[in-house]
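We just call them A, B, C and D in the order they show up, numbering each chain from 1.
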Amino acid sequence: MENFFTLTGVAIFALMLPILYRIIVGPTAIDRIVAVNMIGTKTMVLLIIIGMLFKRVDMFVDFALTYALLNFIGSLAAARFFDRVNPEKQIAKLETKEQES
Amino acid sequence: MINEIICIVMVLSGLLFFVGGAIGIIRFPDFYTRMHAAGKGDTMSVFLILMGMAIYQLNDFSLANLLVAGKIFFITIFIMWAGPTSTHALIKAGIDEGQKVWTRKDEKGDPEA
Amino acid sequence: MYRLSIFLLLFGIWIVFSGQFDGFHLTLGVLSAAFITAISSSFLFVDRSKGFGDRLREIVLLPGFLLWMLYQILLSNIHILKLAFSSGDIPEVQPSLVRIKTNLRTDFGKWMLANSITLTPGTITISIEGDELLIHSISKATTEGVMDDSMERKIARIFEPESK
Amino acid sequence: MSAVSDFPDWGDPHSPANSYRLSQGYITDTFPQTSVPNMVTAVLADYRGYDTMFETVVIFTAGIAIIGILRRYGPKDKVIPEQKLYKKEPDLIVETTCRLMIPIIQLFALYVVAHGHHSPGGGFQGGVIFGASFILLALARDLQAAQKWVPESRILKLAGTGIFIYAGFGFLCLLLGSNFLDYAILHKVMGVTPIEARSHSMLGVEIGVAFTVTAIMFSIYSNLASNGYMKEGL
């Protein structure tokens, strides 16, 4: 069972690489933020797996919860930052463009 | 023993959904569709993997292990609670930033304006 | 009454967190839960006009709804998986913006509806303005799926039985 | 890479760091001396109490420096041009989620502070989480809503209270005829054995640290997010 958890951890780590590609290439800044958010979620799962391997899940659960919380706050703050950069609403513009096409 | 099998099945299916999200975020054409992959692929896979862990934790049953499983369950609830909200906040930020909605070109072949 | 139930709820959560049952830690738990109840009890349960019967009905009906929701999340993940592994330039993806109207009145009901739409296959709520929801939908089929109001009726049955 | 494989295993009791005399002393003596299962907490708050106390003072000083550098006092009734930019109505979904989440986050922060003895955690971490709950409130509604709980005038008072609690424990020991921050003497006041007195005083000290860290966390956020005007934030 231990080996299985190790392999799961390695697999999750390998799954971060495609998302890393999106962080590096990603056409716009907000694409990168979404990718960082995804990597944060995977890191949280990875923390629990590390706890399983070290047989101290009761500790690592706290880390994981805190990490998820900070990840959530980070994405909310980034979202609000983009709101502030462009305060005028773009939704109406988008819809007119949608109907034209 | 039965716990271990359930755990393995759940973790493997969770990993499968993670793969779906990771491939989706590379292949999908624009920001909004990528957001679909990011927001949905994560919630279910985190749920499956963490619940698998919690079930494995209950293998040798005791009060302490039950409480740890409860905590893991709590994290799962937190993720499913916060996930849609951060998805919504980020996609709204994308709209406000002025990302274009990608639309498929018409079959008749007139290019998009 | 509401404060007491918030206090009990928080104390239950404390016990799950703590996992220690000696007197010292339980005393700390009572103190902490009382402190949080004192400073931020106004955040939980905003609508205090609901009676005990309404709350009981919500508690009884909510697990069924959540299970249905879980099934929907599973469906949406399979949908994403299918899209991700389909060949070519993914012909099924035809994104569009949709506007739908809702009859739900309370903020909590709207919140529930928005999150449910985000978690069901192929749709994400972008914004709520008044009683209009702006939704980004990934393909033709999901656009039709979001148009019917079965989900809204499910939510209304739990949280606002008088409004349908 | 090859150097990494030469590292001792995680938790290996025979690794060089663990077999040194001083570490052996801490590992064997901590529990009998302080009745605290988590050695890190014991070292941090008891054996090296001076160090941690002045770390708290450093955080306090950092808070003062942030306020001194960033805080701007605009004219009272004139509308600041940037203020219009920040104006934004709260989003319904984000607001409802955060509203339901904040009390539980605060409870979790108190749990982290209170269980520094048993699991990783303590004043610094708990303070950060408690401050994060106020930041979440400021993100979900606006800065005013969070300032109802932590107004600007109260930040320095709260931070000062934290240091005062910490130093107060030290001076109480001094008054009772022992060394500064030597908690064992406090059993006369608390009515428990000297060993338990050390454990309980550590909790008190951690609470003091948590006060300071919470206040300074929120102060840094609100100053940075609102360009120092403390009116409309991010």
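Note that a contact is a pair of C-beta atoms (placed from the backbone, for glycine too) under 8 Å apart; a residue touches a chain by one contact, two chains touch by 3 or more.
On a predicted model such as this, the values are computed, not experimentally measured, just so you know.
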Fill in the blank from the handout: By label, the chains that touch chain B as well as chain D are A, C
Completion exercise
Per CA centroids, the chain at the heart of the structure shown is A
Handout entry: Separation of mean Cα positions, chain C and chain B [Å, integer]
Key = 16
Problem - Between chain B and chain A, distance of the C-alpha-averaged centres to the nearest whole Å - result: 10
Fill in the blank from the handout: Per the C-alpha centroid definition, the whole-Å distance linking chain C and chain D comes out as 33
Handout entry: For chain A paired with chain D, centre-to-centre distance based on mean C-alpha positions, whole Å
Key = 26
Problem - chain B: positions in contact with at least two other chains - result: 19, 21, 23, 35, 64, 67-68, 71, 74, 82, 84-85, 88-89, 92, 95, 101, 103
Completion exercise
Multi-chain contacts in chain C, i.e. residues touching at least two other chains, fall at 13, 17, 19, 96-97, 114-115, 125-127
Problem - Residues within chain D bordering two or more other chains - result: 91, 93-94, 97, 100, 108
Fill in the blank from the handout: In the complex, the residues of chain B that touch chain A are 4, 8, 11, 15, 18-19, 21-23, 25-26, 31, 34-35, 38, 42, 46, 49-50, 53, 56-57, 64, 67-68, 71-72, 74-75, 78-79, 82, 85-86, 89-90, 92-101, 103, 112-113
Problem - chain D partner contacts - residues on chain C that touch it in the complex - result: 6, 10, 13-14, 17-18, 20, 25, 28, 32-33, 35-36, 39-41, 43-44, 46, 107-108, 110-111, 114-115, 125, 127-128
Problem - Sites on chain B touched by chain D in the complex - result: 81-82, 84-85, 88-89, 92
Problem - chain A residues touching chain B - in the complex, by the definition given at the top - result: 1, 4, 8, 11-12, 15, 18-19, 21-22, 28, 30-31, 33-35, 37-38, 41-42, 44-45, 48-49, 52, 57-58, 61, 64-65, 68-69, 72, 75-76, 78-83, 85-87, 89-91, 93-94, 97-98, 100-101
Exercise for the section: Going by the contact rule at the top, pick out the chain D residues touching chain A in the complex. Expected result: 10-11, 85-88, 94, 105, 108, 112, 119-121, 125, 129, 132, 135-136, 139-140, 234
